[in-house]
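Down below is the structure, laid out as structure tokens.
Each chain carries a letter (A, B, C and D) given by its place in the written order, and its residues are counted from 1.
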Amino acid sequence: MTLKVGVIGTGAIGQEHINRLNNKLAGAQVVAASDIDAAAARAAVAKLAPGAKVHADGRAVIADPNVDAVVVTSWGPTHEEFVLAAIAAGKPVFCEKPLATTADACLKIVNAEIAAGRHLVQVGFMRRYDSGYRALKKAIDDGAIGAPLMVHCAHRNPSVPEAYVSSMAIVDTFIHEIDVLRWLIGDDYASAQVIVPRNTRLTHSKLDDPIIVMLATKGGIRIDGEVFVNCQYGYDIRCQVVGEDGVADLPEPQSVPLRREGRFSTAILQDWKLRFIDSYDVELQDWIDATKLGKVDGPNAWDGYFAAVTADACLEAQRTGAVVPIVTTPRPVFYDKG
Amino acid sequence: MTLKVGVIGTGAIGQEHINRLNNKLAGAQVVAASDIDAAAARAAVAKLAPGAKVHADGRAVIADPNVDAVVVTSWGPTHEEFVLAAIAAGKPVFCEKPLATTADACLKIVNAEIAAGRHLVQVGFMRRYDSGYRALKKAIDDGAIGAPLMVHCAHRNPSVPEAYVSSMAIVDTFIHEIDVLRWLIGDDYASAQVIVPRNTRLTHSKLDDPIIVMLATKGGIRIDGEVFVNCQYGYDIRCQVVGEDGVADLPEPQSVPLRREGRFSTAILQDWKLRFIDSYDVELQDWIDATKLGKVDGPNAWDGYFAAVTADACLEAQRTGAVVPIVTTPRPVFYDKG
Amino acid sequence: MTLKVGVIGTGAIGQEHINRLNNKLAGAQVVAASDIDAAAARAAVAKLAPGAKVHADGRAVIADPNVDAVVVTSWGPTHEEFVLAAIAAGKPVFCEKPLATTADACLKIVNAEIAAGRHLVQVGFMRRYDSGYRALKKAIDDGAIGAPLMVHCAHRNPSVPEAYVSSMAIVDTFIHEIDVLRWLIGDDYASAQVIVPRNTRLTHSKLDDPIIVMLATKGGIRIDGEVFVNCQYGYDIRCQVVGEDGVADLPEPQSVPLRREGRFSTAILQDWKLRFIDSYDVELQDWIDATKLGKVDGPNAWDGYFAAVTADACLEAQRTGAVVPIVTTPRPVFYDKG
Amino acid sequence: MTLKVGVIGTGAIGQEHINRLNNKLAGAQVVAASDIDAAAARAAVAKLAPGAKVHADGRAVIADPNVDAVVVTSWGPTHEEFVLAAIAAGKPVFCEKPLATTADACLKIVNAEIAAGRHLVQVGFMRRYDSGYRALKKAIDDGAIGAPLMVHCAHRNPSVPEAYVSSMAIVDTFIHEIDVLRWLIGDDYASAQVIVPRNTRLTHSKLDDPIIVMLATKGGIRIDGEVFVNCQYGYDIRCQVVGEDGVADLPEPQSVPLRREGRFSTAILQDWKLRFIDSYDVELQDWIDATKLGKVDGPNAWDGYFAAVTADACLEAQRTGAVVPIVTTPRPVFYDKG
């Protein structure tokens, strides 16, 4: 059985996902697509999924009876509408992050999914599919380091454009840590604090860079997360988990060790896409396979909501310097595992 | 367009390839299969490629008009027959190593392919598709270390069964280095010598273990290749290329760095399949894609022949202790790149 | 010229320093010693510095006209008295940490030294003499990573005895980071905060373990320092400095890389003495050489005072959870470099 | 008790040893010196050992009744004479490598020492005192890798001057491996073979570079030793010992790990002196201490003779391409350990 997919939004990530689903992964076919720029949608489809139908808008994609499942890769502010529409249509939906632009909107989606009585929504937090994070989680779950007590991590980009301002360090950058660390250590967040070192000379007036985000979990685990988006030297994602019996690190990406010109060295990636490109493949293949079984295995609507609430707390902490509690509605039984 | 594949031989590797081609990779479908044990073929097909036709023998698979291309995963001694038949039928054929059990038989295949006037044959040397070897080759080709002068490598297995005897260190184990190093450094072999250290206490009377295979290339590059198949500690493939301007190493497989119980450590794989499992996927996806374009991008019949001649020289060197020349027929223009 | 040294306090560290000065390093001779336990002093001298005179008390050691310089390795509460007496006698004095047990007492020493008009006092912060920290400082000072913005560090011990309580995490353990990081980054501290994760199950009721000490410098550098003294796996001192242009790490102690039993590993030290044993030699040799030149090159009385004030702030931060300012008297011109 | 040392030869290494013995290490004093250039000797002594007497020649140094022990750092061809004279005078002698310029001369020294009935001679193979080799030897001796079967090693220099010709790859460069590996694995050599890869473009007509020296031990251990003295990238000494149960590597020199400009790197030393500078200190301190006890703990005259015989065999193997046996006189009981 082939999963027939409709893709809403054919920008860069949309085109990549169309190509993945249609030409690279197994078990799916892109049968429909739309974009706010209809010509762009037609061009993308012509190139990557020649047989697919181009619809006037995302709602038409969802309504297409030939579409089994929906991928939302449109502009963030439209996510809420399309995800709710997919739930209303009873169709599984993979939505790129963010699930919605506000925590309230995420909660609305959570409630809609619960009302629908079926698990339909997955959010595009691809790091959970990275082989490194998976191996790290396995080590922790296998008890290699005992119960986690602290996480030291860093998210570094070589540089960011002028349009990148302080809040984006949370909602575009650290948001990945917010989701993946919660999954990694299996604990929910209780509070956030943001510490602001002296700015690097290489930032601009609208961006405090670097910052350190401190999270406490309900179970008392402490996370310190450096976000440094003008670090110059490369795209570097670091994560060290300190447990009661040992310490585990996120593996480094593979690189050829070179001895030349007086240095022993490995290359550091310069582009985040190269770092997580494989994760996208695993993520969507997993989504195809789970969807066919009527399941959601990946980050779900509740995870999307939790990330949104956490990001809001981090933003407030960033503005105020205070320790800000992270408070969600009680976790619905619907999202219990097993 | 989907490539319709017939698989000859449904043993362990055959089943894995059927599953890859049919359920995991993009652009292929297994439409026919056979095995000397017809019931085994039926069971494999029922489980992994339900729609495929089970034929009485490999020749019938090749003859099936619905079959576009053939995968040979039967017992080694049958490879020659099936590859020649596929060539005769004008059908692309992917043959697991060895291409044939003798250098003469490989040469017969080479000549048959040349006579057919089309590139049809690929040999299953999967290491060329390993991400580590590819990165290493790219570094060399990019000039990172200058012209190669020496290669130091090792092929270590934790242990081998009693049935594994001295010759298998060449034909089953070092054969992978024979192919991949020639590709890596872009040079043909000129001679072989085998040096036999004291045996490990953990070998048996029919197996000299470890050995060191010394190869010289036509361009004067020297390779020392340790083969140690009872090394106890793990499956470890090492390769260091020393160039005029620097040195490059094969990257280590990814592993979680752990600090516990007084050691800082990473895991070493215990099973060769885990080491190269991803390479099989890349290899067959590449084969599917190239085959659709009417090309052979991977190790070809000439490479299979060259590996066979080299292995024969290594075996003689192992028996005699002498430096044994590696002599092939002149390379046919047919196999020129470009 | 041989520097004739008197040693006050012949406990474990006292005996080690006597042996170093007298038998291992160049240019010094231990000519006098004392201990509260006179028999112990006699035994130490008999074994390690046979010709030295045993005095009734530390003041007599200082007063001995044959003594050029004094080493204070007695019980902490006595340091103030002996250092002040040495200053009064105009004799150079090397005092093991702490310089004195209160910041006020340290300040009294500072003022006495200024009044004496000569640099006489060095404090035993040996980490500044560790080859790893020195190499790290050189990299920073050479501009390899640009201006420092953040320091991530950890001080881990395998375990501590029952008598070790929460305050000792600051005054016995993190005190080393307090001194060495200030020297490393060349900036003074402005405030401290202590964050307390969930305790490890392996601590006891009087000890919060681990903790994270957050320091801010006057220049805006932020330091997060994990102190985890029941980490089980080893004695591990980690330090990463993040600068505007790059990141530098404290080198690992040398260890033989081993491949065995399925792991690639290096040993982690289990005893802090092994980690810094070489530093003691360098430290005291440097002190001998500088003392002969009438200089103090190492951590001085002002550094001892600054460490004491910082430790007090960390202790208050540990008790209160608040961000505590670190306030010293203005730095006297007497302690300007150059 | 201070060991009063006379130094013969005050060139570069002679001056360094005078400074070590007199100003850096404990328990020795340089009381006499000589050089073929008497002015040079006077200048060296004035600067580094002001009280020492300058003699007309090395024999006078040895004869000086104030001299307890002799260090020979003169030109290689004079070593034999001075070592024999020291033995005749019954004085301990530390001789920089080579012990003598021919194996026969070394054997004459061996016989003279046996005739003297006392262990008096140590040869300056400083690698045995390197902390890395010592740690590696300890790992092997502790059984961490089981019985050694193979050693893979490399000796790389960034470049050599024009005066460096092929034979020097053995007698000046690989000679260090010859001694240290024999000590490391506790086995004597039985034969040598030299393999010559294509020359690097960066060598000249009198120097084959790189080469691979293959040694077999009496116990069947096989060593492959790359010597590459124009490797460009740095001074790099590598050694991997493969045992029946595991593999151990020589540790890398300490270096600050840096992340900058797209690379994660450590520095590679450019000068061999930096690599082994600490070993010289350990070596001479050990010699002082052992000499005071009337012992020779380091490489002795027999080791010097064995190295000379091995080097001769390697030179012949280099000239002829053949496998050359390494044959010494039987090991005298005098040199038995314990």
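What to note about this one:
Quick note on the criterion: a residue touches a chain if its C-beta (ideal position, glycine included) is under 8 Å from a C-beta of that chain, and two chains touch if they have at least 3 such contacts.
For clarity, every value in this text was computed on a predicted model and none was experimentally measured.
Looking at subunit C and subunit D, the chains in contact with each of them are A, B. Of the two chain pairs examined here, B-C and A-C, the one linked by more C-beta pairs in contact is A-C.
One inter-chain figure worth recording: subunit B and subunit C are separated by 59 Å, centre to centre, where each centre is the mean of the chain's CA atoms. Chain centres here are Cα averages; for subunit A and subunit B they lie 38 Å apart. Note on chain placement: the centre of subunit A and the centre of subunit C lie 45 Å apart, centres being C-alpha means.
Among the residues of subunit C, those in touch with two or more other chains are 232-233, 245-247, 252, 259-261. With chains as nodes and touching pairs as edges, the resulting graph is complete, every pair of chains being joined.
Against subunit D, in their complex, subunit C makes its touches with residues 23-27, 131-132, 135-136, 138-139, 144-145, 245-252, 254-261.
The part of subunit C that touches subunit A in the complex is made up of residues 146-147, 149-150, 152, 154, 195, 197-198, 200-202, 210, 212, 214, 216, 219-222, 224, 226, 228, 231-233, 242, 244-247. Partner subunit B is touched in their complex by these residues of subunit C: 232-234, 236, 252, 259-268, 270.
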